[in-house]
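Okay, handing you the structure first.
As written, the chain order gives the labels A, B, C and D, with residue 1 at the start of each chain.
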């Protein structure tokens, strides 16, 4: 796509003020930079390291919040789902249904999501060679839905580390579906709770985002929060929403160059 | 444990004859080698590469088959589950409920399984540093169930390859729970359909199984089939059940040595 | 640096016509694009897979060829060296002495090279965490030479594959020395002879080069040859010198954007 | 080989007392356990992290010490070399000439060493797929020397970590040459000076050594020192020579089992 779009918002749905402050700032950025934003926030995090960690408000309450943001700010809204039985209720509110990376091969879930007719954003599993992402996409298509986004978020590299392989974008682009780069989860250090400052390597946000955009993407996924250090999930990796505009500037310029030369990148293969 | 135990059977539940022939041979091996066997076969494979691949007979029919094998041969039986709502029905038949590797961090699933009071076999996710396996185990314990098995099955290594790290067994043993080594899935080549001979690297079965047992395990997980080349899943990696006895001999002897010296291996740390 | 520079030329010194044709085309590109080029070609390849493969013309003859190119075309010239005793003769001709990646930790070699007073280009070892490249650089500085270039060329990723980690450029830039990205060797598939078309993955040249430049580099290293398929080394990965100009266009534009925002990338850390 | 042999001694040649105390204890272990030992100590370490670290006594003095140990204790002796011009002098004393892992592809060095007619121990490069170790072995053979040992010492796994792949032993054994497992360097943490306790992960010595021996080796390489914490190199990873006997017991027993079944391991491939 010619214009870079953004998937952004707090990692998990928190209190009303957090959600609204983030939406307000995103709205402002969207208008000033003329960039389309999909508001992202999860109603449920089902893979946290401990049963004691905050899991979100759950399906019904979470969707209420997202419906309100959609109504008040006009954003399309996105959340991930974890179980097929969440699809029908979720589809009443969500514009984009996201499949978590670790569930990207779970047939029943993808098929159920695909049949909703909504846009399906499939995260690239950290354990799946990038060219294999054509397979879950095909499961969607076989279920009658080709409204698909594929999102890169880093690949397993030794222990407790993820690496972003530029070649991954090449493979994802070959599917022909829009490609998004999730920068936030690419810097997460598993094994360290996200409440710990060492749980994310924020110093790599600029270099990774620039490399990813130059590699060829249609959108950027970056979780934002008014006060990341107090976030109830991924405190160490979210971007402060008030820093977003400056953060995006080089990405938009690199994207303009990349789009101009994208065809050649794929043709030369 | 002093005696090595075995988790074995066809990858997915197939026709009656396949299931019974395998059980019969396993029974014979169990008695002749004086080795305890848990019969494993999945009622459902939910992460195959295509919606067109065989997924198994489903929950109800699958459990009927496993119940019959349990009744006729006296084996404890095991299958994996994928959704919390499968737990109550599954717990009526299964002695061991298995959590697939890619779902090892899914809180709702583990908690539901744990609450059944059954033994829970948690596969080590291919993307999780081995010491982090203490976390899903703790989720079980926090749900009131400490009947836990931890199963190693290889770790993501570049693209389309898994590596078995001997250090992983060290970490799993430190949890204090019984440790099992799944040899079958450690040789799987993702990205290549398992019906293709190149989908598994059977030449590594001896070396990997020996290294794993010497590293310190309580049990071995190896899928067996009367005619692997015709198996409906993992055809390239299952072991022919008629080769099982010879395959196990060195493992039992290595295990005897390892058990004798295990305490020192952990103390020296 | 504000202007991207180029290190380019045939992998190994071949016959006169190959060397001159390449130089001529590089000269033309240099002038038309206003880009500084260092002519690179090795007098000796000492780590080929077989004693039967072409190793180059050797030190004396190789330097003669490079001296001639330097004289006729005005390029600064670069070759790698493998032994300390090659330094003094090499330093009479070379403007840049290159330390091969696998030798980046070899103290005696680096110290000898450093003492020549020439610019030292140290390739990043495929087995060394990028932040550790500060160590060979320090060995140069401790030998009285801070004219250093650090060159990224990919990191070991599973078997027979290299990965380019954008974070590597972050670490190399933190040393304060100029950073170069060697695209040619990043696409090499070890274990497959470079004469085999599968020995290199040329389809990734555009995506990798763009990602690398966006990550922050001062120069690009790309081996060029008038007829790569006939090259005596790295036939599968060199770029046809006649395609160079088109290849560089997006890189120069991305570089311009990156330079504008580089300070922020490093400051935000 | 039916009997496990040992390559052991201090990492680098230190003072006389250290060398003799180690030799004395090794002699005692050799006789009591009836195990053949090759005394290993390097006259020069050329890839340390800083020019300020101890590099050893150098070629001439180092060989004097090794010659004395050979004479007084009757051990065959081994050191690595780094440059072709060291071969002739080294060959007067050494029984085994070792090629460091990072130099395993350096043609000139291997050819020169091979031509000495001595046994050549080639360490497996941390960046080379194990099956590719057939290539440096072939360079030896092509130089008229088939007295070759191949030594595994771990493979690059993410940053600052090495992994021991049991499959590597399978590949090395396929060459038909004796295979050795270097346990000491497999636990080294690069990027952390070896004088720091965190520079080695000694807790993994038992599990790794057992896994390696079960995978099929002919010998074990383990650096020993009377007081590792004071060693001038690899202080964090050497084994205290007074703990060696206990350490070897399980390895010898596992080796006996493995040898009994080795043929089958390779045939089943």
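Basically, contacts are C-beta pairs under 8 Å (C-beta built on N, C-alpha and C of every residue); 3 or more make two chains touch, one makes a residue touch a chain.
Everything numeric here is computed off the predicted structure, so don't read it as measured data.
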Maximum centroid distance from chain D, chain identifier (CA atoms): A
Of B-C and C-D, pair with higher C-beta contact tally: C-D
Inter-chain centre distance, chain B versus chain D - centres from mean C-alpha coordinates, in Å: 36
Chain centre separation in whole Å, for chain C relative to chain B (CA means): 48
Whole-Å gap between the CA centroids of chain C and chain D: 33
Touching two or more other chains - residues of chain C: 157, 159
Arrangement of touching chains [line / ring / star / complete / other]: complete
Complex contacts: residues of chain A adjacent to chain C: 157, 163-167, 169-170, 201-208, 210-216, 246, 249-250, 253-254, 257-258, 260-261, 264-265, 268-269
Chain B-touching residues of chain A, taken from the complex the two chains share: 46-52, 55, 82-85, 102-103, 105-109, 111, 125-132, 135, 138-139, 142-143, 155-156, 159-160, 190-191
Chain C-touching residues of chain B, taken from the complex the two chains share: 157-159, 161
